[in-house]
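Below you'll find the structure, written out as structure tokens, and then a few comments.
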Amino acid sequence: MVDWWIFSDSFLVTLLVYVTVALSLNLEAGFTGIPNFGKHLFVFLGAFAAQGIGVRIAAWVYEKLRPEEAAQALTDVSRLVPGASKWTSLVQAAADTDANRIIVNSYLKPFITSNLAVEVLLAVVILAVTVALAMLFGLIASYAALRLREDYLAILLLSFGELMVMVIFYQTESLSGGNKGLWAITFTREPIRFALIGSAILAVIAFLYAERIANSPMGRTMRAVRDDEVAASVFGRDIALIRLKVIMAASVLAALAGFFYTESNASATARTFNRVIWTFLPWAMIILGGMANNKGAIVGAVAFLIGKRLFEYYQEPIGQALHIQAELVGSLLPNILIGVFILVILYLRPQGILPESISKTVDFRRLLEEEARRER
Amino acid sequence: MAILPGFTYTLNSIAYAAAIGLLSMGLTLTYMTTRVPNFAHATIGMIGSVVMLFLIDRVFYDNPGWTLFLAGPLLGGLAAAAFSVFMYVAILRPLANRGNTIIGLMIATLAVDIILLNILTLILNEVPGKNIPKLIGAPIIGFQPKIKIGNWVIDSYTIVLPLAAAVLAVAFHLFLTRTSFGVAMRATIENPDLASAMGVNVSLVYTVSWAVSGFLAGVAGALMAFAFKGVDPAVSALIIVTVFAGSIVGGLASVYWGLLGGFIVGLAEKIGTTMINNIYKALFVAHLGFPNISLVNYEKVMSLGLVVLVLLYAPRGLAGVDWGRLASRLGLRRG
Amino acid sequence: MAGVTLRTQALNAGYGRFHIIFDIDLEVRRGEILVIVGPNGSGKSTLLKTLFGLTKVYSGRVEFEGNDITKLPPHARARLGIAYLPQTNNIFAELTVRENLKMAGYKLRPEIVEERTREVLELFPFLKEKLNSKAKTLSGGQRQLLAMAMALIRRPRLLMFDEPTAGLAPKAAKEVVDRILWLRDELGKTVIWVEQNAKLALEKGDSAVLMVSGRVAYAGPASDLLADKDLGKRYLGLKG
């Protein structure tokens, strides 16, 4: 029997978060043909907003509103954590890997949850920061996306994602805690509930938005363009705009997903936002569901996560059966299986990469051909 | 305050750059023939590292000598070539024949990358070493013959790796120009339809290009194993970024420029970053109060920075630059 | 009466879903030049590609020297003695002239290639000085001649040219045309020649096919088409 804990609240948040990320990737890859291989960066941006930036903002507000308490907190922490005299302000200490845990959990959280106005305001500000970060990086990505061929673009986005997450954020302790990570600012006395409700709302918004795009004239144009260079050249200018819009929306959705994911975990480390689980896995989901198919993306997300979860749950018996250490079963085997799975889907349903019903889209090549013929 | 890096560091950097050059060269080759950017390429190189590690553990543990430096790259290269061919013939070609788009094929190479990486990690974790107790993360730097010049003791891989790169590049050049199959390969790269009309087995040419590419990667990986603190296939995740950078800087249109692009990017990443770091420490930290952090940790920024520069100013890479015109424009040559 | 080198019957072909040429019936007799003319986009290139097996055939039949070749892949047709010289990309620009000739004889034994290369160089002496230069350094006309030389290394009996004079200066174009006539007159080859310059080609050719919208609008002696004021004015821009 499968214990119910595997479908706990935190699992549900993970599920909803992945649904959002898969839908957002589907917007880019499925509808617009942008091969975003750096999705993990955009998810991490939300995590960074919740921890690295969130704790700094919260500490700053704390210092402003309760200066004596904040000063006391700084003294307390300096006593508790060795070698702490280097911090001159609580803001600095709050994002320091040594003091972060104590400051966030013992001072900032009680302060935030005791004051509804502060709590709401802080949540709004941190969400705004998430959106702003996502748009900034979305802008960078679209700069490349509007200029490069898809293979170059894929290479560049993957490289950029790896560089930002695994080098910049991972190597720089003062940004997001480096390899130790940071505790994040969470909200309400039951942060998981907050994350659950937030990620559910987000997933619904993502779905409605993606559906609207898919069935709008714009969505149909995009699919025609994705499949056809002739159509692409005809619609050149509109496409640039649509692509920009889609990348922006997708980036914001992914970052917000990363934000709620971090809320449910209460902490985040750059290293865990690697390209296997936050780029490749979402790709696997949308390929399983059939690209450019929103419901399919959701089905893909649910199927993969439940499968993965069951696998982790049974890692002991599987490990014994295969004579492999249990923790390797949990960490390595699922990756191998996901990889094999993708190859099998690509083989069985190559058109799974563009399977949406023909009836909805216009056959642009036909149209253009006929037009050209009439002109002669 | 010295700006230039030390002697040993320079040697290590040149060796690293040569390895990246070999990897970029192979990546460029398969891109030119089959048009797929291979995201698994660096991990394929790791097969060479793993073979080297096993050779040391099983065969050469007690007397690692120069034969190790012959056997390791050779066997590592062959193993990587075999995998590379398998990847093309058994995975990518069927997928392409089934009508997958370039995005589908790129995902397939990502999938292969993840599968291979996890299998190699699993092997190094689970297979017990004969002499080395734990293979994963085992440092093997001590197993190389030492070269002594006066007081200098040199890691021999730093000499062998650039040498191997040079020899392989010349050998491949001779293959491309002196053998009819090599000429057919160049012809196929330029115009596969016409080549097949001439009776060239294009599919075989593609397969051979994947074999060569894998071999080059395996040789690089086998010798690079000595540069790691410990052999761990996971390093490929970041190496691939540098390899792609080298290939794009080279232009993805010529194997020689691929080699050179990889070499340039590799050197810039190591020596360039160190020099910038030294300047930063000497000037900005010491006199202007900038935070005392090590810029060397951010060496990958250099690779990606070069890529961005190249894409902005020479979108077709160094291979696409009209060097003759550039030289005359700069007054280096009368034109 | 000379035998028939190539014949098609009710040939329908195109690219995937795009049906381009319809019910083509034509015939080329051994040792003659068949000229194919027609407006832009009428399917001349598609017809030539179809004869070489590069398009999708929906129905109909292609016969070469009496054998059904409808289903044969291009390289098999090349082996049977058909050479196809596409409008562009008919040589390897990045390879040297010598390497191009070598590629032309890729499937032949090295001694044979060497011998025929020597023959071909006698026929196209200008290539001798260019042997070690990249083919992209040749002029447009020289490239067409190199393509012709490459085709000759395989000793084809039928050569199919797609607009060999397109984009050439008059002098270079004349040289190419003279060579095509020479192929027929001196070497006894059969030629199918797609040409934009209808007047020129119809003057030189033996028989002609006029393509309009993917169909054969005329098939018969070249001189008759040249004389047909109505067809000429309507489709070929010939002065009435």
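Should a chain be cited, it is by its letter among A, B and C, assigned in written order, with residues numbered from 1 in that chain.
We take it that a residue touches a chain if its C-beta (ideal position, glycine included) is under 8 Å from a C-beta of that chain, and two chains touch if they have at least 3 such contacts.
What you see is a predicted model; the values in this text were computed from it and never measured.
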Message = With contacts counted as defined, which of the two, B-C or A-B, has more C-beta pairs across the interface?
response = A-B
Task = Select the chain whose centre, defined as the mean of its C-alpha atoms, is least distant from the mean of all protein C-alpha atoms.
result = B
Note = For the pair chain A and chain C, the C-alpha centroid-to-centroid distance in angstrom is 57
Inquiry  = Centroid from C-alpha atoms only, then distance chain B to chain C, rounded to Å. What do you get?
reply    = 45
Ask   = So how far apart, in whole Å, are chain A and chain B when each is placed at the average of its C-alpha atoms?
value = 31
Key: Interface residues, chain B side, partner chain C - complex   = 180, 183-184, 186-187, 190-191, 193-200
Message = Using the touch definition from the top, list the residues of chain C that touch chain B in their complex.
response = 52, 54, 74-75, 78-79, 84, 86, 89-95, 99, 102-104, 106-107, 110
Message = List the residues on chain B that touch chain A in their complex, please.
response = 35, 37, 39, 91, 94-95, 98-104, 106-108, 110-115, 117-119, 121-122, 125-126, 237-238, 241, 244-245, 248, 293, 297-298, 300-301, 303-304, 307, 311
Request  = Within their complex, state which residues of chain A touch chain B.
outcome  = 29, 33, 35, 37, 147-148, 150-152, 154-156, 158-160, 162-163, 166-168, 171-172, 274-276, 280, 283, 287, 323-325, 328, 332-333, 335-336, 338-340, 342-343, 346-347, 350-351, 353-354
